[in-house]
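Each chain carries a letter (A, B, C and D) given by its place in the written order, and its residues are counted from 1.
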């Protein structure tokens, strides 16, 4: 597993946090359950399996009982991210975030429900509206074998940590493909300059999107300089259309209100654009942003007693642009980290997605002085 | 099972279709799987069970292969209706519509995926983004026992018919409560006047929303004239807050474009308002509208070959207001039909939701000359 | 000028504020400039004139320097309300609100700019994005004569008061028509019960929408019980299509965040629905809601120095439903007040819009026990 | 006036249309009225004047009588683009598009109203909801002198042509500043490959946005390689915050439905992102896209008689991604063209905005092999 900065590639001019990960935002934890098993021809229900579950816990408490402000944005909608209507309406995130493959959204959703329910008296009036996103890993994975089971969600929770985040072929990213290379999970962060508030912005992507020829790294048209992807997309048209998807989750400790979170979410798409994505028609490019700053918001539970009003803190809009810069850069770098961390993988029917070889990348970048 | 018109109650001035149901729109089919089993104290996983699945098939073909134009609207977002990002982006409905309880959305979603997948070569590039909505039946049902299983989705499909629609305590409406009475599934339709185009608008509701004291029938404040509801909401505050939700699905054979469908969807909320709802904070009031008129739209499938352009027909905006009138009235009447069709039900822990007694309703309405 | 409550008509069950007007919300001021001049045939540029300007000042300070949280909603978009993109983006109202006729939006906008500019050093970096709404008074008014001039905006400001609000044929409402009767400006308010927080919600409408036959008062189908409207709409189809528009401005002293303001704004449309509107195709039904509670927000001015964060207060979502009830009722009553306050008016070409006669209204309502 | 391609700079890999301008889309015309007068210290109302009006006529007929499908997107909302509610609601553009400075939106709007009215019998029921956008030119221009008058709108119409489009310091772009250089009007186009349908996409920008240090050309960080901008922003904080705005108008002859137009509009923001914009807080980044393909749509006029339905053509969603690529590239190139076409300008108080010198740009680009 390689990261961009280990290769000397710094995206943009901003400074990353200590881990250069979404977990730099205090309280945020990430856990993976990775399912890689079997080889050879596809036998639906038997494998090969190249998939998994990733969970993001937005703070160190129980988010069902203590929501955070959140907002979302759709660059392109060929995808699913459940729970968005409640985020848009209430302006809050009241669920851990689950990520998985397209055809396992249901099982992960119901597993999150079961976890939430287990913490409540079943006679009480409680309901859960979990947040679960997906991208499609069917090129490598026996996606229709539905190999994700509720216990894998448990595993992901058990492994959740606020330390360095595993990237590449892990968790829900196990079988993903990005810009014609092996993709998966990536993360990065930025610390806004002290004179701009010193806030942290962390990003995690599940990167399964993009066309090879459009890939850019730090503005350099890397994709054009490398040979075309040879990954077959069975049944797909010659050359594909940029199918795939990318889920972006952004966290910040800046005290953003719900509408400010939605603004942050939209800018994640600008990072994707700078890396070569255009929100292709067959792509589900859905973004979620939340702020960990205002703790103690009243529980979004029916009948919960709560005071009429709560004191909160908001970032002055005047100071929000540096956070936009940060999320753009962190998204760019998280995509690049996903590409570099992923290892070459052979999946079902012997289909192989090759990694973006660091050496080849560096060779291209060295032609462009600015990029290193 | 009683319907409003059998009691002589005609909502508004519009004329219903032959069945006064969403199935008046040619090609639309509805199927239910009703799960009612057991009595007595709640034992999570054992029951009592008061829930189910309802499916709406939007046309007589395979909607995965042949989408319809569609749009949606959120009056209040304390609910889930999966697949909305794709409907908003593509302007099309590419999935049958599943309805169930809040904690079974996942299993129904994955069952719809499995059905779609079964019709495709698993080696091909295909993914499904199903549309599944929910409301919460936990007052009467062992909702956390997760009694809905994939086979129940199959049953609902097997029973799908374009004939009269069962209402009340059926399918996903089995355990619902509406305006403090037993609620559930309701439907109604309107035929726009011939000089306004003669189009059909059909509505199906899963009605689980509203406060007793606000219920209105044809403008008459019925809820104020009847005693308060005695349904306990365990753990809920005194009097409740209008928790619950309502899903509205509207179909029409008028050739609406996607944005016109979204306009129709928003007006469903006006019918709810006239019946006494306000989009309460704890309510998930989500609406979906689709048009069956433009058949033959290219499949929203990756890599599907399709012509560059397709000829379609659109309703002139100039003629859309009569459809708005129709969906408002049909939504009002569908809610009333849900209330009248539902029978008194005793659920878990002996909790009873009483029906809206036709006699009591008529007694109140007779005081108001206009309402009959 | 008559008001609904003077006739004994109480809309809903909520309690109005002392003035039953938007000015019950502390700090809110309303001013009108009414332009009524000339009679006889239409001579474009000469009259007859039946139009004006209304301004709403959202607090007692300078709103350009001290914004308020705000949100908006579109029920139907055949209208203009400038400044909405900034309200949606920033979540704040940074402008007084101007209302006028459709073809004078520009002059009122530029007059608001000029007022704002006059308070700033012209060498500084300052720009204004005013909020100006409209409805169309061309049935009675020489709307294309463009009789509104910048000084009329000044007059409206000069007369702005936090006392009782003139209604009916005043200000921007001078020439409006509503449900086939003479319409115009109306206002109403509600005080939420002390145990629900005791907040004030005030509404002002510029009512120029609706079809006669759909008018409802307190649920009673008044419009059906009265003869059809005889107002000619020159060039319009037989019977019209419900052309016209309604602008609703809602104010509250509850500490709503921007997204909560938008939620409040959407509910204004439910009040319109209960009174008989459906968001007709030819109607511009645009709603703006703001909260006066969080004063001291940083100025939305470029380069304004401001602290990174500001402490604010938010209403717990748990307590928002009573505000929804309030805005629904206040909108209903404000429309009714507009109808009752307006006097019969003869405009250009001798076209007459008759008032809704209180006696005729009461005669109809007396048939329905609940309505008085 | 220089254009990027004259310098050998080709943005992206797509092929421009014959004029490389929005006027490559058949029927689209552009006209400018440029107001440049006076020098020296700012005397409000006297000058110096550096502003103007640009109009875009979307087809060769009367767009008030014959709308086109259209959609819009907001990347950041610190700006005004009137008429958007009607575009969102009806899915159509029913107005020519006017562009000007921030404080002259009103006069341009009312001038468009007057033009539309002049074509109608004033006794008929007709109203106009014009589309007018703006950016702020107050650094160079006596913006508060309100020098734009209705006759300037006439001049712009009189000069409207479907030929090459003047760029830089012309029309509404006269006084604009972009990425710390002199900005203004820019345009570009792309022809989608024949095998992708061969459609044209044309873009026109009014570019007044961006920070010097973030400017990128074809991915090359040009802004970092050039000295910081020395344009003072009186009253602005040290270094500014990226104030300014960009309006993008995109036209295509592909038969897009309203929702497809909105999708195209969102992608304009991705071109801005690739050039260095992030939708800064003080920026009004508003985008409008329309399709000229479906002529003959019924007039959006009240009471206009029209058939119930109209036959139209839609682009299959499957083929939309190449249009996304095209609008991204065309927006990038239009911004670059605005920068290169603009000449150094000294405005009020002797403030000078320097052009982006072609030689300096080429010197930087030559270090990067890919960029030429």
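Quick note on the criterion: contacts are C-beta pairs under 8 Å (C-beta built on N, C-alpha and C of every residue); 3 or more make two chains touch, one makes a residue touch a chain.
This one's a predicted model, so the numbers in the text were calculated from it and none came from an experiment.
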(Q) Which chains sit in contact with both members of the pair subunit A and subunit B? (A) C, D
**Q.** Far-end chain from subunit B, centres as C-alpha averages
**A.** D
Q. How many angstrom lie between the CA centroids of subunit A and subunit D, rounded to a whole number?
A. 34
Q. Using the average of all C-alpha atoms in each chain as its centre, how far is it in Å between subunit A and subunit C?
A. 44
Q. So which stretches of subunit B touch two or more other chains?
A. 76, 88-90, 241, 263, 282, 317-318
Q | Touch list for subunit D against partner subunit B, complex | A | 88-92, 197, 255, 257-260, 263, 298, 300, 304, 306-319
Q. Inside the complex, what are the residues of subunit B that reach subunit A?
A. 42, 44, 74, 76-90, 102-111, 113-114, 117, 121-129, 136, 138-139, 143-144, 146, 233-237, 240-241, 243, 282, 284, 286, 302-303, 305, 349
Q) In the complex formed with subunit C, which residues of subunit B make contact? A) 13, 75-76, 216, 218-221, 224-225, 241-242, 263, 266-267, 269-274, 277-282, 317-318, 320-321, 324-325, 328, 367-370
